[in-house]
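Per-chain numbering from 1; labels A, B, C, D and E assigned in written order.
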Amino acid sequence: MPGLEPTLTHYLLLAAALLVISLVGIIANRRNVLVLLMAVELVLLSANLNFVAFSAYYNDLSGQVMAMFVLATVAVESAVGLALLILLFRRRGNIAIQTLDVMKG
Amino acid sequence: MTFSLIPLLPELTLLAALSLILLMVALYPSQDGTAAYRLTQLALWVALLALWLTQDIEEPQLIMNGMLLRSTSTLLMQSAALLALSLALLYGRASLIRQKLWQPETFMLFLCSTLGVLAVIGAYHFVPLFVGLELMALPLYAMVALRKDDALSIEAGLKYFFLGALASGFMLYGISLVYGATGSLGLLAIAHLAEGFGSSNTLLLLGLIFIVAGLAFKLSAVPFHMWAPDVYRGAPTLVTLFISTVPKLAVVVLLLRLMSGPLSSLLTEWQTMLALLAVLSMIVGAVVAIAQPNLKRMLAYSTIGHMGYLLLGALVGNTDGSSAAMFYILTYALSNLVAFGVLLSMNETSDGDSKNADGKITLSRGSDLEDFRGLYQRSPIRAVLMTLAMLSLAGVPPLLGFYGKFAVIAVALINGFVWLSIIAILTSVIAAFYYLRVVRLMLFSSRSEGEGEGEILPAIGVIPRTVLTLNGLALLALGLFPSVLLDTTAQALAWTFGLL
Amino acid sequence: MTMMLALIPLLPLFAALFAGFFGRRVPRHWSHWVCCAAVGISFILSAVVLYKVVVLGFTEINVTLYTWLDLGSTKLTIGFLVDPLSALMMVVVTLVSFLVHVYTIGYMKDDPGYARFFSYIAFFTFSMLMLVMSDNFLQMFFGWEGVGLASYLLIGFWHTRPSATKAGMKAFLMNRVGDFGFIVGIGLLFATLGTLNFGEIFARVDELQGLNVSLWPGLEWSLLTVACIGLFVGAMGKSAQVPLHTWLPDSMEGPTPISALIHAATMVTAGIFMVARMSPVFEGSDTALSLMIIVGATTAISMAVLGLVQNDIKRVVAYSTLSQLGYMTVALGASAYSAAIFHLMTHAFFKALLFLAAGSVIIALHHEQDLRKMGGLRKLMPITYVTSLIGAWALVGLPPFSGFFSKEPIIEAARFATVTGHTYAYWALTLGVFLTACYTFRMIFLAFHGAPRYGASSHGSHKASHKEHHEAPKESPKVVTIPLIVLAVCSVFAGILFITPMLFGDYFGTSIYGNYVAHDAMARLYANWQGVLHYLLHAFQTLPFWLALAGIATAWYFTLSAPTAADRLVKTLGAAYGVLKHHFYIDAFYERVIVRGTHSAASWFVRGGERFWSEGVLVQGTTRLVQWGAQSLRYLQTGYLYHYAFAMVLGLLVLMTWWGIKK
Amino acid sequence: MSFSAFLFYVLAVILLASAVRVVSARQPVHAALSLVLAFFTMAALWITLGAEFLGLALVVIYVGAVMVLFLFVLMMLDVRQTDQSPRWRLHLVPALVVGAVMLAEIVLLIVNGTRTKTESLETSASMENTRELGELLFEDYLYSLELVAVLLLVGMIAAIVLTHRQSRFAKRQEPAEQNAVRRDDRLRIVSMQAETETEDDTVHSSEKREH
Amino acid sequence: MNVPVLSLLIWLPIIAGVAVLAVRNVDGGRPSRWLANAAAWAAFFIAVYVLCRFQSTSAAMQFSERVMWIPYFGIEYSLGIDGLSVLFIGMNALITLLVIAAQKAGSKGSYLSALLITSGLTYGAFSARDAVLFYIFFEAMLIPMYLVIGVFGGAQRKYATTKFFLYTLFGSLFMLLALFYLYGVSQTFSLQAWHHLPLSLYMQLILFGAFFMAFAVKTPMWPLHAWAPDAYAEAPTGAAIMLASTKIGAYGFLRLLLPIVPDAAQVLAPWMIGLSLLAVIYFGFVALAQTDLKRLIAYSSIAHMGLVTLGFFLFDAVALKGAVLLMVSNGLVVAALFFCADSLEKRLGSYRLTDCGGIVKAMPWLATLLVFFAMANIGLPGTSGFVGEFLVILGAVGYQLGVGLLAATVVVVGAAYTLWMVRRVVFGPVTHSSVSAITDLGMRERLLLSVLAAVMLGFGLWPQPLLGMADASITQLLAHMALSKL
């Protein structure tokens, strides 16, 4: 097991924990779509943490560059997601996740 | 540093078209999609031309600082993607008008996504690869929900968006671990760095697992397929066609590329994982489709099944397997185009049309299997083309689809994947059942008295009809001379494998 | 020679084709002229052949026409083997056939299927000739089945009668059961010897001795015995031996000329002929001989008993035919092949005569066949009566009629035979003589003697017009009576003339082979032979003669002297009479057990095998399974986003667990 | 334990806690605010790892833009506190089990995979980092940058296309529909029975006229 | 020999079929019928030419054509016929001609087209020397058949045709796997090469299973027959004949299964013999219980195919020759019986036996011919049916008396259901009111059936020319099968 001094492993474990928390959040979420959107943000954030940690570990900036691009991408993703959310709200009057079951089977 | 923009000409063409449309919208906000459509078609063909003119066919080359690969295989797949979009737009033109999506923005989204597809096919570095994937996917989310007044469309868009974002997360997490294991993001570099790595390098392994999960989502392989039926069903049909064809081309290239190059040191893991996905996909795709009353949903499961077969070829992990998989996706795309081409010519309606915005949701109509009952009497050409498509998808010789199945199963069996091959043939029999059901409804059944008598199918324009017919006949012609396509893929790969 | 031999069967064939294809378009008389002429010429040619064989000493003419099939190891050829045996058969067949053709002109003159009928019987003649002239099993089987087909078609000739078509089908199927054995027998010989040619088989029959055949590994039987039994089963079918006899009485549904030609004189004797032809083979198996003698004796006695209780005139003659076929079979079993063939010949004459006479009576009474509705025809139909009487005497075996000369040696041979069962056979045949006399003369007395019973009681029983009803029966026309007379002449003289050469001379030469050391019945007969005259005189000292007379007397008592006695006897016998009336319940057994069993088995196969297993389990079962799978997998697709996500995470977890943790 | 270690643990705890809060808060607004906190913490972590620019960018882009957008939408949609479905806890159990197992497996694999990678992380923070990043972005990663540019455009187009509401009553021409009109649609020729006035008809019509 | 005769034979009907489809609505369909007839005649004459020019003394492939077709897999467009193929090519030509010629005015162009295409594909399957080529012809036949049954078939056509398609596909896909395996081992799809490919017994057994699935379905053999009665019964007459008469499944046994995996065939022969005997008896009984004329014919055909497969697995020259002859004969007989059934149906509107009865009065021609064909079905000597049946039984008796006894039951059972059918249809009282009103066969039908009858008769009286053509090849096949490939 890693020691107390934060090493690469610590960061990776932190990212993993973040990932799992958000995954649990996604699959246990029975409320609204917005929270889902936020949880997805967290997933990508955890990956980014990995990139930055590895970048530091290897002293290689490409990881940071990647994280940079991811940031941009996620921002766009949020925008699209929110737009969809608004659409949903307009059509249904709510953003409850349980009602999204018209199509199934 | 300097570099030539010439090799980027295809992408730039699309980008230029995109910008032009944007400009037009800005200048004439109330215009319809006609100009944008023409411009898009033009751009696609110019891009295609540019693609062929700017390629050095013999030598694969890495450009843009090793980020972008230009090789015969990328040329082939990019051309296929452009061509597929062009055909799809042609077939879907009337449908877009009917569905009130005849607006410039639609084509902009298509162009963006196609740009992403080209990027993914060419990407030889994780950064442009990921960005490309997102560029490919994000417009799709919007496109799926493009029918803003249709609850199904919105629901599909949301489901696609969230699951897609989750899958991107997986993918990204996987990439980060691969980066961590090797210290590089360039595929070429990774291939060198990871050469000796076995599965004992658990960082790489974990990365692989996440990447496979991400790819499986894009391919809609079971159990990452759940989005597909709903999205196919809810999206405007043209978008469904697009989703089921064009991005798949890119993802297949991506899969083969990662498998054959950077992550080839974990080939056994690849194989076993893909085998699991393939088996599940084949079974679920074949079995569940049987119970579907809606053609679009059915085709979604059909896609799932087809991805199973594709994985069967891909998991072999050598040149033969890759070329089989690539060939397979091409045959699939061609057949799918015909099937959707017919579907697009049908009269689809949705609850958005009925103007009842009181929150009551009615399922959109026009794509149910029942709508195809007795189609032959109403429109022989549609019925015949659909029959060709269905038989090709079912893999009955001498149609093109057969050779796709032939190639993947042959490769798999010869390389010792016997049980997978047996499952493949068993599921393809089951799958044949539901494809035939469509044929049966169209050709052997007739509408009962008084039902749908007054319903007249929309006419198909001369050009779409001609092209669609040619496309349908191509299924047969290429079935008689499959070498045309098979050799092309095989040669494309033979020259560039390793640098896929 | 080849040409001539080929013409003998082919002429009737051409005639048949002519009548069949053009018969309905040309005047009716063309059909009968062509057919009669063809068969007549055949008869003449056959006679010439017989002459050549007997007198000019061509003892064996073997002609190959063409190679039917070249199997590499052997050639199956089509050809003729003419030796005394077949030459005799040819003459008998063509003669009887010719007479029946002539007779038919009169008998069938009002029938709408006139040409068809001629076509069929000419075809029959062709097939029968192919059968007797063949030099190999293949061709014999061809003729064998050809006569079967003709018989089937002719029994069902009046196809609107369900009973007729049913009888035809029954005849065919029973024959098929026989063929089953026949083909297996042929197959065994072919498998061992690799040839179907008679000559080659006879030459190499010794190789078969001591060979065994196994039904399945472990169960071994003597090959020769199995082969012989197989062949004999074929003969049983064709020659209607118990228990494959029930088709013959039913075949009386056919027109009477057919009964005479096919079901008395020629076709039914094909089995006898075949066994005689195969004598070298049969001599090798005592078991088979023994089986024959027992089956033959059983047939002879049991069918004679049944003959007593028949009221249909044709059925009486039919049962007598069965009984006489039993006699022949016994002769075969006793290795007295020549006796069998001799009886075959004489029987052909007198039985054809009886049938034709019966037919003559039937026409006269407007298709009335019930004996109880006849009587007193003696005066009205003198020629028919006299010829019938001659036939009856011959049948009963009264000296000096031909039946005597042929039947007596058979009884003797049974006595002298060495195989198991010969004693039973001897007593059965002896008793059979009494019974034969009984039923034959019962028939004669009921039909021709006593008071007329036709007319009043037959009112409305058939479709003839009322005007005809009240006309008295009259003698049949010349085309009917002339054949009767010719046959009667034959019946009288055939025996006395031919017994010496055929039984005790060397007429048959090598065409019939008997192992006279092991099976010495014929040898012992020969030892006792002192010439025809002596034989005639000796007859009065033998049991059969007196039994025959007793039989005639009994028949007279029950029919003419004390008609009521018969009814009383019936009452006394009670249950036993019932058994006889139902033909020992054999028909019922077939109907209830075999036919119904087959049908229920068939429907069980359809229900259990086809509907349940093939369709239900294999097809529907698979379909249901897949559909069930589809529904359950569909159920997993709930539509909820979190379930979809859960599936993805779960998938990831599986991948991770399987491939990650395995390390 | 060095300060950097201490900082790491503090930040880690805050990050995880806020992450848990994001997915479990009853009020969407609370979730959003927790997310903001998570972003902040993450930014801090990145800065400790020497990625100052990235950390600041995170704050600027996410806290400054994205999360504001979130809150904006939240307010606009007026999303109130929504209760979990009654059987929420029932669903939570499998989720937690799966999460726990997955976490355990990832930990196992990562710990196993980084066994050789024990050297401490370099945190050589300097302004060069940003510069180098910039150089990389605009030279080596130019192609990707262009792609991202298009991607941002997509975000714009998508958001506009999806949320732009056409006024249903606005009078606009629909050229497509106009083009699609056929002759029959424009003019309908109705064949009618020629009217001839009969006695009855005149009576009726006169009656009608009166009315 | 530069003219690609076989290609012509294959593609002429197919192209004509497409052309017929194209002109099907022109001028009331007359040109399409004319074209179809012309194509059928042309193909027939080409087939006759092939038959005439065929060197029957040689077992080698003749009329060879070889072109590389799919170089990637080394798949050749390789055609050639030997003594086995030539028989079936001849039969296919005859059957096609009759089927097409039998179509009266008013029949649909698409129907004719499908029949022609099927016919062309059948020629292809019989002359293919490359396994994949064979497979493609073999499978492609499914499509026109599927469509024809589905569109023009009887009341249960949809169910029947789906079942037919799926069953056949199911079986043949297993064969495809076997082909792949063999390709993997030998790097070629040439059948000729595979005939000499050494294979372990274990592999042979597996390959046997795969091939068996394909051909047992197509033949059909118990227990994979469930599609056949339905498909035969529901198919329109022409299609039913093409389906039942071409014997492509049994041909597959001869061309692929036996020569490629002879040792496995030897090992499994007892099982195959058991299945064949089961088929003979079981289907015989099932036929006995049928109430539908076409179903009865169908089951009769299947029962006879049991005898054919029995002949294959006895490994006996006589039996094998018999089996081949029986295939030809049964093809002719089944065609003839289906034609008769069709003639009846056209007049009575039903295939039910209870609706017929007593037709001999109204239709003496049909009755005569039907009885003749029934006799051929029974295997009466002098008809074609006898030759094969007789030889197979001879072979069976030689193999094992028990087998022979069971095989010989066909003599009785076959006669039972056939005669029962004849009695119900031809003879007996008129049960159906319309029977008395119907007319006899027209000139066309009469000619058609007479031709068939004449062929059967000729074949029955002198089968040597027919066997002579196949003899060398059969002998070679037997010699080949006797050599172990282990």
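Here is the rule we go by: a contact is a pair of C-beta atoms (placed from the backbone, for glycine too) under 8 Å apart; a residue touches a chain by one contact, two chains touch by 3 or more.
These numbers were taken from a predicted model, which means no experiment stands behind them.
Identification of common neighbours of subunit A and subunit D yields B, C. Shared contact partners of subunit B and subunit C, listed by label, are A, D, E.
Interface comparison, C-E versus B-D: the higher count of C-beta contacts falls to C-E.
Here the chain at the heart of the structure, going by C-alpha means, is E. Centroids built from CA atoms put subunit C at 96 Å from subunit A.
Centre-to-centre separation of subunit B and subunit E, using mean CA positions: 43 Å. Centroids of subunit A and subunit B (each the mean of its C-alpha atoms) stand 26 Å apart.
Contact of a single residue of subunit D with at least two other chains is seen at positions 91, 95, 98, 102, 106, 108-110, 112, 114, 140-141, 144, 148, 151, 154-155, 158, 162. Multi-chain contact residues of subunit C (touching two or more other chains): 634, 637, 639, 641-642, 645-646, 649-650, 652, 656, 660, 663.
In subunit B, the residues that reach two or more other chains under the touch definition are 127, 131, 134, 138, 141-142, 145, 148, 158-159, 162, 166, 170, 177, 180, 202, 205-206, 229-230, 291, 433. Of all possible chain pairings, those that touch are A-B, A-C, A-D, B-C, B-D, B-E, C-D, C-E.
The part of subunit D that touches subunit C in the complex is made up of residues 91, 94-95, 98, 101-102, 105-106, 108-109, 112.
Here subunit A touches subunit D in the complex through residues 1-2, 4-14, 16-32, 34-35, 37-39, 41-42, 45, 48-49, 52-53, 55-57, 59, 61-62, 64-65, 67-69, 71-80, 82-87, 89-90, 95-96, 98, going by the rule given at the top.
On subunit C, the positions that touch subunit A within their shared complex are 634-635, 637-642, 645-646, 649. Against subunit A, the residues of subunit B that register as touching in their complex are 126-127, 130-131, 134, 138, 141-142, 145, 148-149, 151-152, 154-159, 161-162, 165-166, 168-170, 172-173, 175-177, 179-180, 183-185, 229-230, 233-234, 291-292, 297, 357, 359, 361, 363. Across the complex, subunit D meets subunit A through its residues 1-2, 4-5, 8-9, 12, 15-16, 19-20, 22-25, 28, 31-32, 35, 38-39, 42, 45-46, 49-51, 53-54, 57-58, 61-62, 65-66, 69-70, 73-74, 76-77, 79, 82-85, 88, 91-92, 95-96, 98-99, 102-103, 106-107, 110-111, 114, 117-124, 129, 132-133, 136-137, 140-141, 144, 148, 151-152, 154-156, 158-159, 162-163, 165.
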